[in-house]
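Shared between the two complexes below is subunit A, which has subunit B as its partner in the first and subunit C in the second.
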Partner chain A sequence: MNYFELFDFPQSFELDTAELSSRYRELQRAVHPDKFAGGSEQEIMLAVQKTAQVNDGFQTLKDPLRRAEHILALRGLDISHETTTVKDTGFLMQQMEWREALEDIAHSSQPDAMIDELHTSFAAYQRDVFSSLSALLASHAEDDDIKAADQIRKLKFMAKLQDELARAEDALFE
Partner chain B sequence: MAYSEKVIDHYENPRNVGSFDKNDPSVVTGMVGAPACGDVMKLQLKINDAGIIEDAKFKTYGCGSAIASSSLVTEWVKGKSIDEAAAIKNTDIAEELALPPVKIHCSILAEDAIKAALDDYKAKQGE
Partner chain C sequence: MALLQIAEPGQSAAPHQHRLAVGIDLGTTNSLVAAVRSGEATTLPDEQGRHSLPSIVHYGETDIQTGYEAAAHSAKDPVNTIVSVKRFMGRSLADIQSGEHQHAYEFSASEHGLPVFNTRQGQVNPIQVSAEILRPLITRAEETMGGQLEGVVITVPAYFDDAQRQGTKDAAGLLGLKVLRLLNEPTAAAIAYGLDSKQEGVIAVYDLGGGTFDISILRLNKGVFEVLATGGDSALGGDDFDHLLQQHLKLEWELQECSAQTNRQLLIEARRVKEALTYADTAVATISLDDGRELQAEVSRAQFDEMISSLVRKTIAACRRAMRDAGVSVDEVLETVMVGGSTRVPLVREQVAGFFGKTPLTSIDPDKVVAIGAAIQADILVGNKPESDLLLLDVLPLSLGIETMGGLVEKVVSRNTTIPVARAQEFTTFKDGQTAMAFHVVQGERELVDDCRSLARFTLKGIPPLAAGAAHIRVTFQVDADGLLSVTAMEKSTGVQSSIQVKPSFGLSDTEIATMLKDSMKHAKDDISRRMLAEQQVEAARVLESLHSALAKDGELLSEQERNAIDAAMADLANLAGGEDADAITKAIEALDVKTQEFAARRMDNSIRQALAGQSVDQI
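Let's turn to the complex of A and B:
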């Protein structure tokens, strides 16, 4: 399923998310099963299926990480269910340091300052990786797709870190 | 999902957690990560001149199965030669811990951590 086609967007990483939301609402209305309430069982089934596709498509295109993954999958490089091991030592050392810093928040005398600092570091790092990912995906070269996959893997580690940071933040208020 | 007793045991009482001084010339380090779950694993081995692993330590950020897999590996590699350690397979780890299919990748990560540490050893020997 090509979600860019479903939402009538060019297959590009850069995407107008406000426009995506408005097309999502239009599509949702057009395929809503209630519209086929008086129709045959088959028509209703089809509407339910279409609705699920539209919802999946919206969730996929809305999230830049999943959008990038979808683009690679459409180009024949599906990494969404892989169990690859990453061995980039420098990158992993940094991940380890950040995980250790997250652990230290609970025992810190200035937890808020630590949280702010980590927010800033994570955001800066993610911004850099996303901008490199965007350029790699725009080049349409096979080598660059492989490099783009590496950037996506890095962003998955960052997503995990962001989850952990949010959890550490919640724990402070408990 | 229910963890096996062995996983819970390693998770609650992890063996050999920590780090060695990375400036110690007999210490080698393997760093690996699994993007699917964001797990990060560090395995350090202390290898003597005869090529025997004298000690091992690990630090893992991940789920119970990932922690148990790396904890088990530190127990297994102690006293082994580098060739014996290299022969440890993820299937051995998964079987010992009774890992369910969705957690097999945790044992793969632990096997890859041994390989990465031994690669570091070979790189250091070559220097």
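Let's turn to the complex of A and C:
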């Protein structure tokens, strides 16, 4: 399923997310099973299936990481089910450093400051990788698609780190 | 906001007809029914003017009593008086017995490990008890509104899992009710407030009922209620406050070893003291024992606050998690809505106001607000307000996963995903010539199967015998708008749709369902075949009506030949629907379904195109 087509957008990484949300709402109004609550079983079943597609499409296009993966999949490079590996040693070193910092939060005398600092450096790093990803996807060259896949893998690592940071933050309150 | 309302062709063809539908808040402690009448949603009182019905069922020598009448038996006949049945819905007997509360009931296990209450009228399960609570509410509604109901909206805690939702729907099914939607309680509360004030922004709904706690973070935008995140605890509520206070009194009075009856008396007194402490700084608890002793104890609000503070803290921690899941910060929250009688407890209000930094909304009675919202939604769903632009987008409350090697869970759909949702997962065989594969579906957030709720087990049969790893089985998990799961599977190389029988872990066996239906008939003075016929006739009318309006609206999507085939099948069905043969009607509906599948799909695609076309026009 090509979600760009479903939402009538050009197949591009740059996307107006406000416009996406507004089209999502209109599509939901058209197909949501609640619109067929008094209808036949068949109508309701079809509405459930369509709405599930619209929902999945929205989630895919809304999240830049999944949007990028979807673009690559449409170009024949499906990396959504692979186990993630990155060979860039500089990146791996940086990951290890951040992981150690995460573990130190619990024993730190100023956990809030550490959390803020990590948030800032994660965000800066992700911004850089995203802008490189955007340029790579725009070039439409096969080599660049492979490089883009690598950037996506890095961003997946970052997403995991961010989850762990959020959990560490929660632990402070509980 | 539309200035002009132009009726669509087909919709105006039928004369305007008000359809009867109600919203029901099937609560742990109390239940209510509400309806929109003369444009206003209100709860419906009984003949004595009482709005809420205690969710209590008493199985007497000859009859079944509910509500206040049943409550009168609560202290004297606890074994045959079922209170807070919602806590048992969709749970296994093992779940219940591992809980910390003491129950006066005598339990047995059903075929699949469901708890059944042994009453003097025999065994009854939580679904049947819930149906008994619904029955007087439906009667009340039909008498007040003067006609048969076309559908109901029933509310459930947002945190309810699949088994609990299915149980609730089955309870309505036992009474032959059409459930238009299972609506999350917090969403219902937001509807009750949101439509009046036309707010736009983030709303937090804090719902502390008798037996459950829910926190929901919603976004309101141009008539769309979008649930961003939900959280909570399906086993935490005001009843827990009562139990803590009961424990306190037992210690105070040295009554550790007492009868089930004294226990129940203590609980009732604890509840009274809790309510008194809402308005006073101290309250006096009293009890008269069988041996003639009269005991008294003073409880202060400070003491009570201390008893419940760790429970209240748990709810605030859940609020914090839900806010994070929703990706919003506390200062973005426009309003906090309070739902459920337990939000009257002063400590609860203080802590919620403290966390969200603003005084919560309490202008609609927190006991009625859910039923009122459900009534508004029922009125829309049944078709009384075609011009309404209200749309509810709900999320899955708990992640769905499947068991993998070593008792680990692989998540298939994660929590807070907007529903309906469909996810496909591929599996492969690990032995040469393997023709069957067993699956175990669980719901929950933990990594180990044992820490999650078991939802269903099924075996996929008929896989073509191939080398290990050569067969690719695609299993699709679909969750509908009510949050209910269904599973289908297909072997990819052959395209063979394999049949799966999903056995809900805590569901009912076919024989149990048949027995329950028979039992419910006994009381309804009806018989099964008549009811089956009536149900098929109603479904036939529904199919024909929706098809008529679809043809009037989108008939041009069909060729003449296609149209003729559909017209003929419709005439067949209309003919049979007037007769007495339920099976023949069922078959005619199925035949018509097959003939209209393509038409329905074209209409759906067409409405998608139109929705987007409308969008582009808006932008110009």
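The criterion applied here is as follows: the second predicted complex is superposed on the first by the 168 of 174 C-alpha atoms of A that agree within 3 Å, B and C clash if a C-alpha of one lies under 4 Å from a C-alpha of the other, contacts with A are read in each partner's own complex, and residues count from 1 in each chain.
One rule holds for everything that comes next: contacts are C-beta pairs under 8 Å (C-beta built on N, C-alpha and C of every residue); 3 or more make two chains touch, one makes a residue touch a chain.
These numbers come from a predicted model, not from an experiment.
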Which of the two, subunit B or subunit C, is in touch with more residues of subunit A?
-> C
Partner chain(s) touched by A:Glu5 [first = subunit B, second = subunit C, both, neither] | neither
First (subunit B), second (subunit C), both or neither: which does A:Ala52 touch?
-> second
Mind working out whether A:Gly38 is in touch with subunit B, subunit C, both or neither, as first, second, both or neither?
-> second
Considering only the touch criterion stated at the top, classify A:Ala166 as touching first (subunit B), second (subunit C), both, or neither.
-> second
Partner chain(s) touched by A:Asp128 [first = subunit B, second = subunit C, both, neither] = neither
Using the touch definition from the top, say if A:Thr85 reaches subunit B (first), subunit C (second), both or neither.
-> first
Residues on subunit A engaged by subunit C in the complex (per definition of touch) = 6-8, 22-23, 25-34, 36-43, 46-53, 55-56, 58-59, 166, 170, 173-174
In the complex, subunit B residues that touch subunit A | 29, 31-38, 40, 42, 59, 61, 104-105, 108-109, 112, 116
Contact footprint of subunit B on subunit A as seen in their complex | 81-87, 89, 91-93, 95-96, 99, 152-154, 156-157, 159-161, 163
Interface with subunit A, subunit C side, in the complex: residues 19, 150-151, 180-181, 221-222, 224, 317, 320-321, 324, 380-383, 389, 391-393, 417-423, 478, 480-481, 539, 542-543, 546-547, 589, 593, 596-597, 600-601, 604, 607-608, 610-612, 614-616
